[in-house]
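In the two complexes that follow, chain A is the common piece, with chain B as its partner first and chain C second.
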Partner chain A sequence: MSNIAGKAYAMNVITPIRPYTTWVNKFIFWIAVKIPGTLKGLITLSLIHYARWVIIGKDQFPHLDPKQPKEELNYTYMMFFSNFNGSWDQYVDSFTFAIPGGLDLFWKWNIRYSKSVPLTPFHDYIRYNQIETIHYYNAYPLAASNDVKSAKTVKSSLIKFEQDTRNVSGDNFLKLYNALLRGLQHDMGDMYPTPIVSMSAHQVERRQKWHAANLPEGGAGPTGGTAPKEAHGHSAKKGK
Partner chain B sequence: MSSNISGNAYALTILSPIKDGFTQDEIAYADIVRDRLQGWNAEHNSPMALVPQTYLCRYFVLDDVYLESLPGGSAIDTLVDWLPFVPDTLRRWAWPKEDHLKSRYLVFSCNFHGGPKADLDGYLRGMWNAIGDRIKEIWGYCHGFDQVDNADKFIDYMKKCQLTATLFFVGSNDDPLEEQLKALYLKQEFAKFAIDNQGLDAATVKTNFQAFVDRVRPSELDGPTWKAGAYRVDELVELKKNKG
Partner chain C sequence: MTKQLDLLDIQGNILRAYGRFGYPVARYVFLNVRNTAKGREFVGEITKKVTTSVEWGDGPGKIKQPDRTVNIAFTYQGLKDLGVPISSLVGFSPEFASGMKGRKDILGDDGPSSPEHWDPIWRGNRETREKDVHIFISLNALAGQGLDWLTVAEKNRDDAYAWLLDEINKTEGGVVLLDGHLGDDDANLNYQDVRVVLDNNGVPTPKEHFGYTDGISDPVFEGVPYDERRVKGRGKQMPGGTWAPLATGEFLLGHVDEAKEYPPAPEPILLSRNGTYMIYRKLHENVATFDRYLEEQGSKFPGGKALLAAKFVGRWPDTGVPLVKAPDAASNAKFGAQLLSLNAALNAAQKKGDKESVKSNEQAIDDILSDFTYDDDMSGAKCPFSSHIRRINPRASLEMMNEEGDKPGSFKVSKDAFDTPGALANRRRLLRRGLPYGEVKDRTRDDGNHGIVIMMVNADINRQFEFVQQQWVNYGNDFKAGNDKEIILGNHSMDDNFPSKAVIEADPDSDQPPYILSKIPRLVVTRGGDYFFIPSMTALRMIAQGVIDPT
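Showing the complex of A and B:
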């Protein structure tokens, strides 16, 4: 199980909808797609990398082989996938506090949806319908969503500054440099791993430590032979 | 398929039915898939780090559908659950029915840079070319995958398993992954530079800045950058990008 990859958490929630009310949810999502202003509330939740809702009709589960039994379901299902920073509680609560109305609209008439306020039944609902991720990959485990966004600003500002100051010398350069720093003060910042960067990283770390302590140099590799041999020496490396 | 796309980002949702069978050791195929995915967690990095343009992705096995059994907040639920004068037949009729899936599904949910043309084929081809063997390892027990032995067949297969997103929200940005990684590298390095050069005189800062630019090469994606999927500070920087 690995719901966490670096600073990102993967949430999967599946909830049933009565087939004859599914059009309501589809209509609400359609409005959200057509009028992006309706997603303003979601945008304020800057901890989200990417999120999506997928509505699967009761007859729409992929059927690829005559040998595969056909699903016979009573309900349509809505799947929600989110990639966010922070803990489960922080995320779920921030939804409740920031966009309770929007949340209730998206889950409108999902069966037994408790509404986003009060918190405890909402937590129970999400927890009950949540499915654990087995493998989660993140291309930038050390970065939060806000880091990715601010990095873009840093990059473009840096390139522009470098071009603009090629022929500027002395105190003028320093003035412009200080102005650059002032302009970027909300976007700067070092990125480091969180204490447990990912469950997989944690497992690798544990295994490497065990091997370093228990096996002689050049001894047998771990089961499956997937860990790199330089594992013993990684702590000696010092990167920039 | 337009709701799978937001700007240049693409939301790929795949549900692949797993065969309902057992190995000779009486292990369900779905459990083998689960076990292999679990094995990926113990590798030095995810095989998905090799797949170009992948921002974030996940795998899990959908064993069944779920239904929260406590009373909910909808008008119908509240009425039929709590009003004693509602006839019993109506109460029973309104209770949620119990659903169960007949197959288990391998779920692959991925966010990637599809570009202005939302190039799903290109992404899947890149995935097959980068980790074809690892794909077979995971999808090998799924219905309809037996015939898949090249990139074109893999693309066709995945499209048969694809579900359309109803709403895709991008809270981050949709730049190509190389751009994002380079930007993160620059953000990290420039923060260090700013700290190291505090209080220095103008000429020194300018000289140091020029040396900094020569080292980090801000506009060159082929220059130093972050490695995709690196989770340790001492493994983060890639001085020269791997080709192919």
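Showing the complex of A and C:
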């Protein structure tokens, strides 16, 4: 089991709603999509690759086989699904610090929802209703959502730059080149492995393997980790 | 400020950075408890001398400023070996139980900073029972008033140390002094000495060894009477660029924090209330590498070497004036001149005992050095996103956005996106204590005995210190900088395949390109440390008596 793949964390939370208040949630979702600004806090946080809220009626849960026992559900459920950057704590904390009102708006009608401030009851609520991820695939494990956005910006800027500079003089080229760099100054971050979130034995071993493969000289790479005993930073062994 | 803290119950090093109050010299001592009963007795004796946060002066409820301060803190194993019951111990945070060494992957203590290169005391810590660091004691010494200020301070320190050794001896081996602090020429010492940096004439300076003016910013929170006037730029940023003190619970257990709840703490409440966590970190400074790198990059950087040095930290080295206020050398010189005359006036007022004039001059100095936001520098053209102070306390600057139609490479305030402008910074704040250690004898060499002992104080090590260290110092995503690290402290890669870099942003309205700092070397190296719990006076007495009992 791991909720983490590369820089992304998958969170699935399923919480019950009284069937007769379901329409309120649907209405709120509709508003959020229609009225720009409702999600401004979320967008400013810029930690989410993809998130979705879905209402699942009590008869809408998948029944895949006649042999699967039928469950008796008394509630409608709200499923929240998010792929975000950072650890569980970091993410939930960022949300409660930054947009407590927004969270309350979405979950208010959910049974036993505690409100997002104070923090600990909210933490407990999410933890209790979270469904752990059993399998999680991430095509770009090195990319945080900001990296994806930046990569898109860099690509389109470069294509445009190439077109704009086909026939310009040296001086003009420099001017446009400087403008290109200036325009991309917040899109040039390095893309290396994630800061360490999980201390599970499996993840620790994976990191060690990555280091062994990528840092044969034992220097401290971008994520750090365990350097072999003889590595003193400016290792004398560096020279080929 | 309406909140009243019980100053007599709170240890003095939590509320006061002693260096700022006339204590330029300190000694830190670490002990191992061999016998629980004697250890508790020892704690009882020390507790009698522990310095509290009570106000100094002549008025009611005040005491005379002491010649030396004594403070005490414990590691997790220390508390355990002093007999704190397991039902209380499990209430401490997991990272406190695990200790700094166990958190090296989170903290990025790798390569030359990894524990196998730490000072012997920190290498030996948490390996065998006999070498475990259990107790931390800090002795800060008041300076004299005249030319012999340093001699007086050193005498105060030596007296305090002699007293401490005496108390240790009285335990007859029940408590043992640990050695393994590296000093000059790798001497193996029983203590860690720290002292302000002196200039060539032996005059004390507010500098650290790279040459920056330090010790300016420090969070202001509710209930500290002597910080009331210092809230601008030090509290939390409110709408409209005003400031309010942070919630007490960000720095003291048993008080409500910014999330309107009591921070997680061990039981019983008498054990945790008015106590807090301290992070002790000995950081070596590679001064030669710093000078060489600054020289090399400064010769290429369009603004020149002095500006580049300021860009690394976000403040001008000579004056401490923040870049957002003084983006160029001319404005720094102007503020510098103002500071010079304000400091002269402050000194004169202090000599005369003119309290009103002291206040107004202090306020004017503070306004220049501390009262600033990043609101008018959202793109980082003045203070780079990867500079030390912006990464470590971004104030309201993470509430940023770039919309369709905005200039490429620019950010603006994402107004009202968050509940409060400083939402992402207010729960990541750190009180800073400690002083520089050692002397730089030869600036062309990295080795030698010089750096900073930094002690951070916070209510939640993981949420505050570790988050800042991991997410903001050694990673840059929140600053739209990918894996780029903070310039001064980042655990910059020592591997040619993964060179570290940072972007010094240009003004989006100018025709300049940003400057890319390439191949940033490791400037600061960890030499050891651990996580401590600073109990209240009440808790100290209870630990000494062995009456901590959560049942």
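Definition applied: the second predicted complex is superposed on the first by the 182 of 240 C-alpha atoms of A that agree within 3 Å, B and C clash if a C-alpha of one lies under 4 Å from a C-alpha of the other, contacts with A are read in each partner's own complex, and residues count from 1 in each chain.
Everything below uses one rule, namely that a contact is a pair of C-beta atoms (placed from the backbone, for glycine too) under 8 Å apart; a residue touches a chain by one contact, two chains touch by 3 or more.
Just so it is clear, the structure is predicted and the values come from calculations on it, not from any experiment.
Asker: Does the superposition put A:L181 against chain B (first), chain C (second), both, or neither?
Answerer: The answer is both, since A:L181 touches chain B and chain C.
Asker: In the superposed arrangement, which partner chain does A:I43 touch: chain B (first), chain C (second), both, or neither?
Answerer: both
Asker: Is chain A touched at more residues by chain B or by chain C?
Answerer: B
Asker: Should A:L103 be classified as contacting the first partner (chain B), the second (chain C), both, or neither?
Answerer: Neither partner.
Asker: After superposition on the shared chain, which partner residues are touched by A:S150: those of chain B (first), chain C (second), both, or neither?
Answerer: A:S150 sits against chain B and chain C alike.
Asker: After lining up the shared chain so the two structures overlap, which partner does A:S2 touch, if you call chain B first and chain C second: first, second, both or neither?
Answerer: first
Asker: With the two structures laid over each other on chain A, which partner does A:G189 touch: chain B (first), chain C (second), both, or neither?
Answerer: In the superposition, A:G189 touches chain B and chain C alike.
Asker: Counting only touches as set out at the top, which of chain B and chain C does A:I17 meet: first, second, both, neither?
Answerer: Neither partner.
Asker: In the overlaid three-chain picture, which partner chain does A:Y136 touch, first (chain B) or second (chain C), both, or neither?
Answerer: first
Asker: Considering each complex separately, which residues of chain A are in contact with chain B in the first and with chain C in the second?
Answerer: Shared contact residues on chain A: 43, 147, 150, 177, 181, 184, 187-192, 199, 204, 207, 222, 224, 226-227, 231, 234, 238.
Asker: Touching residues of chain A toward chain B in the complex: what are they?
Answerer: 1-2, 5-6, 8, 10, 12, 14-16, 25-26, 29, 32-33, 39, 42-43, 45-56, 60-65, 67-75, 77-79, 81, 83, 106, 109, 111-115, 121, 124-125, 128-129, 131-143, 145, 147-152, 154-155, 158-159, 162, 165, 169-171, 173-174, 177, 181, 184, 187-193, 197-201, 203-204, 207, 222, 224, 226-228, 231, 234, 237-240
Asker: Within their complex, state which residues of chain B touch chain A.
Answerer: 3, 9, 11, 13, 15-17, 19-20, 34, 37-44, 46, 48-49, 54-62, 65-74, 77, 96-97, 99, 101-103, 105, 107, 109, 111, 142-144, 160-161, 163-173, 175, 177, 179-184, 186-192, 194, 201-203, 205-206, 209, 213, 218-219, 226, 228-237
Asker: Considering the complex alone, what residue numbers of chain C touch chain A?
Answerer: 104-106, 108-114, 116-117, 258-261, 264, 379-380, 385, 399-402, 407-409, 411, 414, 416-419, 423-424, 426-427, 462-463, 467, 470-471, 474-477, 480-484, 491, 493-498, 500-501, 503, 505-506, 508, 510-514, 516, 522, 525
Asker: Help me check something: in the complex, which residues belonging to chain A touch chain C?
Answerer: My answer: residues 40-41, 43-44, 85-86, 89-90, 93-94, 96-101, 117-120, 144, 146-147, 150, 157, 175, 177-179, 181-192, 195-196, 199, 204, 207, 214-215, 217, 219-227, 229, 231-235, 238.
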